[in-house]
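Okay, so chain A shows up in both of these, paired with chain B first and chain C after.
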Partner chain A sequence: MRYLAKKIIEALITIFIVTIIVFLAIHSSGDPINSLLPDSATEAQRQELTEKLGLDRPLVEQYGRFVKDALSGDLGTSYTSKRPVLEMIAEKLPYTFELALVAIIIAFIVTIIFGSLAAIWKNTILDRIILAIAAFFKASPIFFIAILAVQLLGVKLRVLPVAGAGTPLHLVMPAGLLGLAIASDMTTLLRSNMIAVLESDFIKFGRLRGLPEYKVILKHALRNSFSSVLALSSFIFASLISGSIVVETIFAWPGVGILSYNSVISRDFPVVQGIVLILSILTILLSFTMDALLAMLDPRIRKSV
Partner chain B sequence: MNILEVKNLVSQLNTEDGVLHIINDVSFAVKEDECFGIIGESGCGKTMTSMSILGYSDRIGLKAVSGEILFKGEDVLKFSKKRLREYNGKEAAIILQDPMQALDPLFTIKDQMIETIRRHQKVSKKEAEKIMIETAESLSVAKEKLNCYPHQLSGGMLQRIVGAMVLSCRPKLIIADEPTTALDVTIQLQYLKLLKRLQKEYHTALIFISHDIKVISMMCDRIAVMYAGEIVETGTRDDLFYHPKHPYTQALFKATNIDGNIRERYETIDGAPPNLKEEIAGCPFAERCQYATDACISGKPEVVKINDEHTVKCRRIADE
Partner chain C sequence: MKKLYKQKQVNSLPIVSLVVIGIFVLNGLFGSLILPKDPTETDLVNKLLPPVFFGGTWNYPLGTDELGRDVLSRIIAGGRVSLIVAAAAIVVGGIVGTALGIIAGYYENLADTIITRLTDASLAFPSILLALLLSIGIGPGEKAAIIAIAFAMWAKYARTVRSEVLIIKTANYITQAKIMGAGDLRIITRHILPNIKDMIIVMVSLEVGMSIISEASLSFLGLSVVPPTPSWGQMIADGKNYFQNGWWVSVFPALITIITVLSFQRFGNWLKVSKGGKA
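Let's turn to the complex of A and B:
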């Protein structure tokens, strides 16, 4: 429990730092008055709006207001659509969440199956094929693979829809590609962990106790090697979030990714700020979930602080 | 009755650098109920021999070139995978050197013990638990310790638990591969006494592997001395103690302060064991032996029988 408490505090501190970075980044990106008022606005009008928005106040006070507003659900108003930022994000977030969740599930399944197979049959042709495919997904930018997939599965074979959302079939390509992209890192990690675990004494002793091989692999080897994959999941989720922006844009998936792409292009800072804030918090929560999962798997972590 | 007979076993390890001649024509027999010791310096093939007896050699890349390992008359080297899983744990079991590494850190002791018991005996979870507690008690492992994870317990406690796990399936043969090397000196003796007592109580044969002559002579009825993949001398404890014949055995006893008197300095054996990459034409100890002749280097010595139990592989003894 102390472990979880420590992780919660860590997550809160990280979120706090993220809010400061987001706030400062936006603050240093120029005077919003210029974008809010037409060029013909008088000095008095500019003065009035500056005071109204509190931009003449000290930086710390401005930050305090930003946090206070954010906590009460006010992330500002979009420059382009004039709608509340939170509302805009809230209607897109479920799509991104769905995409990310399915991608994670795919990644875990692919990792467990192929990482284990490659480790058990290390240095065989099967292992080399798995490693080669993983290297391909690691080395190629996701948009490149996405375009290949669209050409092959969507245009040539016409088995999958190329864009949009709605049916489970629409999810196959974006979530599949995103899942495979993060699985490539996790698979090679699981493989090398499991090779080391399979050489350890407790596996040898397990076999010499007469345990059937499936039990040695699935119960003892997999669990021991998978915990170290979970421990690195924070890095993996960072690439999941950045990957989802690319994937959503290519497949016209109506999630936060495409919204952030559009807002960056149109310099709609409040929206960008809101998205960065919410995606950061999402990433932090996801890694926290993985830490909790890790604690469930490994008693040594539960007991240590 | 012999429970185990190893006959002319020759095994090689294929490495990237070439073939290593790990076990070279090893023969010995272990009787039911006896404690048989194998002594030798590190790298002489003790552990590789025990892995072969358990049918684990393939997994570590060790290939038996010739010979046989008969367990109750059945050749272990010819066991199917299925037969091997029956054999491991239920008929022949091992206590490894480091108890800290022998158990899965992610599961409780209880989980792993019940898993072992139910693997070999058709019992309910409750009955398995009963067997577990009984066996644990005979090794003075308190019930509460069974709910712990391995990292929460000391090495001595864990080695007793490993012992309990092994004994819970009542194997006919237990190999103890340097079981006390990783333990605190203070509890080594305690563990050895316990092991000896349980071996008598459970009527199992015990193969005790060690590099420590004091420990071996305390534990074992009969002892084999291994050098560079060969058994150079076998005999009862008294045979080897009072009448060691092979120059290596003699040197080994001299190098150890066995009689308890404090000496100014220990004797050492000059030189190093031979390179196992090359097949040795003659006696493996010839290069370090003060009595060696040209014949020793060029040809393998015959096994000489001193008495029913005592055999030695040395040309000098044969010539006498």
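Let's turn to the complex of A and C:
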């Protein structure tokens, strides 16, 4: 319980820091009056809007207002579509969720299978191949692999749709590539952790007791080494969100990523701010959930307060 | 016996990687002197010419892009952007992260709490989102890319350095130095920094590759350098629409990126093992 309380407070502080970062970024992005009013606006009109938006108030007060508005769901209005930002993001969010969820499931499956195989048969050809593929994925810009995949599977072989959403087939390439990209980091980590665990005394003891090898590996080695991969959850979710922005723009996946890309191009500040705020808070909440789950699974973490 | 075999195998000096890294650095510094053509000069008559071994001419060894610009010259010029952004981001992120990590680990007071929270916050903050924010704040460009990548990186240094300092400062010689009246600054510069130096060098060498990839991703999204200045990520992005009749436009810059990043990773791992870490 104490562990959970500590994690909740930590998550809240982190969210607080994020709101400050976003607020300062908005603030340093220059005078919004120029983008809101036409060039022909008079000095009096400028003055009026400045006061209306509260831009003449002290910074702390402006920050308070920003948080209050954000809490009540008011993230401003898009410059280009004139629609509420929250509504625009809420429309796109389910798509990004779908993509991210499938990608993370793929990443976990790939990591567990190939990370374990590489650890069990370390320094064999199989291990080398797995490590080489992981290194290749780590060293390749994900968008380039995506371009190749589109050319091969979409254009040449015509087995998968190259863009858009709708059917499960549309998910295969974007979610698959995103999952593999994340798995490349996790697989090498699981491998090295599992090699260490497999050499530890309790595994030797389990074998001496005559436990079948599959039980030793699945029940003891995998469980103990996988928690160290999960401990990286905040990092994993951060790369998941970053990666999905890239992947969405390539596959025209109608999620938040493509909305953010288009908003940057059209310099639609409020939308970009809203996306950054919501996605970063989501990342923090996700890693908090992961931490809580991890603590439930592993008593050592609960007691490490 | 097993151990001996392993060491011998992992720790041969990665000559190929070093050569690639050498070329990458030299190209970034002096590449502009050997540019065969102007990388920004368009020539629509000669657009999408194939590379020399695929039916092209030596005039454009790696072919031309959709605007008739020389791909080779653009790769050379783009390498400069990769080097500058990666180097600057690592210097900024590394120095900030190391300094904060030392402060947090050495003093273990309120500053530590704040720094640790900030570290967690930035680790959980997707770096591309920051790049998005910066692109509206200060506008897309090298500066935005450097800050975004440095921000994504400092926390890793801070976290690792902090945990290392926590261990080092309990060593007897530090206690002795304190008893002898050495000030904090002296202990940090004379005793702690030399002890974490190797670890930082290893981290830097492993992070260069990641920075190059990050810069390419940001360029690809139009959040790093803006055209006409070429960068590898941007070239890959441009080429994706012409892949059928001009695969070379994106494949060559992508191959160069992958080879460069792999070399840095290989070198970093070699360094890590030779400094006593695990591969």
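We take it that the second predicted complex is superposed on the first by the 305 of 305 C-alpha atoms of A that agree within 3 Å, B and C clash if a C-alpha of one lies under 4 Å from a C-alpha of the other, contacts with A are read in each partner's own complex, and residues count from 1 in each chain.
Everything below uses one rule, namely that a residue touches a chain if its C-beta (ideal position, glycine included) is under 8 Å from a C-beta of that chain, and two chains touch if they have at least 3 such contacts.
Keep in mind the model is a prediction, meaning the values are calculated, not measured.
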Using the touch definition from the top, say if A:Arg267 reaches chain B (first), chain C (second), both or neither.
-> second
If you stack the two complexes on chain A, which partner ends up touching A:Ile217: first (chain B), second (chain C), both, or neither?
-> neither
Should A:Leu99 be classified as contacting the first partner (chain B), the second (chain C), both, or neither?
-> neither
Based on the superposed arrangement, let me know which partner A:Leu297 touches: chain B (first), chain C (second), both, or neither?
-> first
Between chain B (first) and chain C (second), which, if any, makes contact with A:Ile182: first, second, both or neither?
-> neither
Which partner, chain B or chain C, is in contact with more residues of chain A?
-> C
Once the structures are superposed on A, label A:Ile112 by its partner contacts, choosing first (chain B), second (chain C), both or neither.
-> neither
Based on the superposed arrangement, let me know which partner A:Ser227 touches: chain B (first), chain C (second), both, or neither?
-> first
Which of the two partners, first being chain B and second being chain C, lies in contact with A:Leu208: first, second, both, or neither?
-> first
Over in the complex, which chain A residues touch chain B? Could you list them?
-> 200-202, 204-212, 215, 219-220, 223-224, 227, 297-300, 303
Please name which positions on chain B make contact with chain A in the complex.
-> 54, 56, 59, 85-90, 93-94, 96, 98, 101-107, 115-116, 119-120, 149, 151-152, 162, 165-166, 169
Would you mind writing out the residues of chain A in touch with chain C in their complex?
-> 10, 13-14, 17-18, 21-22, 25, 28-30, 123, 135-136, 138-144, 147, 150-151, 155, 192, 234-235, 237-239, 241-242, 245-246, 249-250, 260-261, 264-265, 267, 269, 272-273, 275-276, 279-280, 283-284, 287
Chain C residues touching chain A - in the complex, by the definition given at the top | 6, 117-118, 120-121, 123-130, 132-138, 140, 209, 213, 216-217, 220-223, 233, 236-237, 239-240, 243-244, 247, 250, 254, 257-258, 261-262, 265, 278-279
